[in-house]
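First chain written, first letter: the chains are A, B and C, and each begins at residue 1.
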Amino acid sequence: MALAPQRSDAPRAAAVAPLLVVNDVSKKFETPDGVVTAVDHMSFDVAPGEFLAVIGPSGCGKSTLFNIIGGLLDGYDGHVTVAGETVKGPHPSIGMVFQEESAFPWRTVTENVAFPLEIAGQPKAQRIERARHFVDLVGLRGFENRYPAELSGGMRQRVAIARTLASEPKILLMDEPFGALDEQTRLLLGDKVLQIQDQLKQTCLLITHNITEAVQLADRVLVMTYRPGKLKRMVAIELPRPRSSEIVSSDAFGRYVAQIWGDLREEASRGMHDDETLRAAQK
Amino acid sequence: MAETGRLTAPAAPLFAPVTLLRAAIIAAVLVIWELVAASGLLFRDVVPSLSVIGRALAELLMDKTYYWHLGVTAGEIGIAMLIGGLAGLVVGILLGSNKLLSRAYEAYLYYLGPTPKIIFFPVMIMWFGVGPGSKVAMGTISCFFPVALSAAAGMRQINPVLIRVGKSFRASTWQMVTKIYLPAMRLPILNGVRLGLGVAIIGTLLAETKLSNRGIGFLIINAYSTFNMPRMYALLIVLFMLSIGVNALVGRLGGVDAVKK
Amino acid sequence: MTARAQNNLVPFALGLGTLICAVLLAEILIRAGLVNRFIVPMPSQIAGAFHRVITEEDIPHRFLVTAREALWATLLLALVGIGIGVLLYRVKLLRDATETWVAAFASAPTVLMYPLFLVIFGRSEKTIIMMGFVAGLPAVILKTIEGLAGTRKVLVNVGRSFKLTEVQLFWKIYFPAAMPTIFVGMRLGMIFALINIVGVEFLINFGGLGQLINDLAERYDLPGTYAAICFVILVSVIFFFLTDRLEKWLRPAA
């Protein structure tokens, strides 16, 4: 599916009706040190079949945004709509993959993946078969009856992804799913994600702090500022699809990374400065 | 795999030093016992000879009424575990899931837990009569506390991300409890049940020794009042074997889960 | 008041409030005749019985009797329990052979042997003390072993680097390092001992506080029985609380 080329500062997607709309969302938190604005009037959309990466420095409010879109957080201004419906709690059209390891340790791989189908009340034979399909899709064939403790970290994250995919969400929301993995595993899993996305035409929103990952996987990259989190820049990644991890060595790739790092660096150093000031004040 | 140059084969488990020492200790205890029994050092009937105890044990195991009494006690304990265990589970889950409730009430459970429950027996008799009811009540209040406290602690140690997964798939409260909370807590709960079983056995049996006309506790105190020492030893041996065995069985359930941890 | 103090006050008030409400409810229900007053005396009656029980039944003396029994049991636990624990730790073969037996013993209903002890020691304090001792013994042994086994290797190496003999190594390094865990074991042992001491006092109608409850129950002094039970619970809770604080003070990291 080809997207119309974007001007890099245009937040809106192509002419097709967007699947996800984040409209003027702001979220403040009360902390012992005063009111902190995690997300500040953010607006953007995601088109059907698009892969959007949201990148920002640590502490910029990305996870807050993730929880808001996923419906796990309320008390914010603005609204979020998916497929035309307002999000008021976890929405059936949104699937979430969390940062921490979240495979249920007491269920086998297949039982884990079948979980959303079980919740939805599908009969056993049917959901086992559907689950097997997704276990296969993420490349875990042969491990259907293993327990998560017997798998590697990357495999466990694949179980979590398969489980979310099994609920066939219109949009897949991921919060730094590969954060705990080493670089090589991450690149290979990135390949897997690209494969899956291509096959399913899955719309994805990925929260990450890893620039390589963002450029490798995404059609557009949204750069967030440090707190308060605002949209700093939207970068269209015009690398050809289908992609693979080999792309990381291309010149175009390098240019995008450099461009995004330029923006991110400023924000990241503000974050670091804040952190140091806080620690100095605590002494 | 060819092994050359070995003078002896590797020790078979049967003759490992540990096993030998255990056998030696048991043998020594039995020998000393028999010597004391034969010497008449202590009042003769207090230390009956092993053959006398053995005979009493055999008689007991072949006695139909013994099994009836065992059934009574087992039934009392079973019902006590059911009521106390379920109540403990519900209360524990409630306390563990809600910070306010936990801070308001859990301390009461924590400090009331290690108290001698048998002193409540007169009250239990008043409320539930002199029959099995008061024994079941004793067992119930005994096992309630360890189960509730373990369940509460168990709730708090659940990995928070697992709860978020359940919420993200819009699981109902019942589904959250049965498909996420309980499975995630199975080890702490199992431990709590194990402890609860131990104190339920004690509570129920002590109540039977105090005031009852049936059950293993009754048989024990009956043996005491008729000064039938061999029978008392036989009963105690059987009781200890059974309760250690049941405890080990419940513990095993936790061991099987180790691969899933 | 500060936000934190307010934060702590609400749950405390909730807990205490619920308790008070329950007591008030009981009072109302019994006065109204909905609950039989010959089965559950009115809380006001129980409160009234407190003073009577304390003065007429010579509670201070009884408390001392129970305390003395507990003290003897504790002494035995310390000497025999820690001693056996040390022995098992030092002789590895013995430990490997018997540790699981001790653990199994810990889960066994040892207090059910009280009729046996009655025969051996008679209806006396000896029976009560021995029952308390036996109840607490496995905990002390196991925790002693655990404490000694858990001595950090680096501390042992420090001792070795100063060329301490095996005996010195044990008394100057292993034992002190194990003290916090041994204390935990002693506390557990003392709690089990106290529970069993009061319980056996009740069962054999001899001794201090436990016997008091049995006595009052047999006299059908209902308010007195309830009051005595409350009193014993209070003592038990205070004991548990004090030793809990002591343990936390000794092992802040635990």
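Note that contacts are C-beta pairs under 8 Å (C-beta built on N, C-alpha and C of every residue); 3 or more make two chains touch, one makes a residue touch a chain.
This one's a predicted model, so the numbers in the text were calculated from it and none came from an experiment.
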{"item": "Any chain that touches chain C and chain B", "value": "none"}
{"item": "Chain with minimal offset from the mean of all protein Cα atoms", "value": "B"}
{"item": "Maximum inter-chain contact count - chain pair", "value": "B-C"}
{"item": "Inter-centroid spacing, chain C versus chain B (mean Cα positions, whole Å)", "value": "19"}
{"item": "Gap in Å, rounded to a whole number, between the CA centres of chain B and chain A", "value": "49"}
{"item": "Chain centre separation (chain A, chain C; CA means) in Å", "value": "54"}
{"item": "Residues of chain C engaged with two or more neighbouring chains", "value": "none"}
{"item": "For the chain B and chain C complex, residues of the former touching the latter", "value": "17-18, 21-22, 25, 42, 46, 100, 102-105, 107-108, 111-112, 114-116, 118-123, 126-127, 194, 198, 201-202, 205-206, 209-210, 217, 220-221, 223-224, 227, 229, 232-233, 236, 239-240, 243-244, 247-248"}
{"item": "For the chain A and chain B complex, residues of the former touching the latter", "value": "70-72, 89-90, 92, 95-96, 98-102, 104-107, 115-116, 118-119, 147, 149-150, 160, 163, 167"}
{"item": "Interface residues, chain C side, partner chain B - complex", "value": "8, 10-12, 14-15, 18-19, 39-40, 93-94, 96-98, 104, 107-109, 111-116, 118-120, 191, 194-196, 198-199, 202-203, 210, 213-214, 217, 222, 225-226, 229, 232-233, 236-237, 240-241"}
{"item": "Residues of chain B that touch chain A when the two form their complex", "value": "159, 161-162, 164-165, 167-171, 175, 179-180, 183-184, 186, 257, 259-261"}
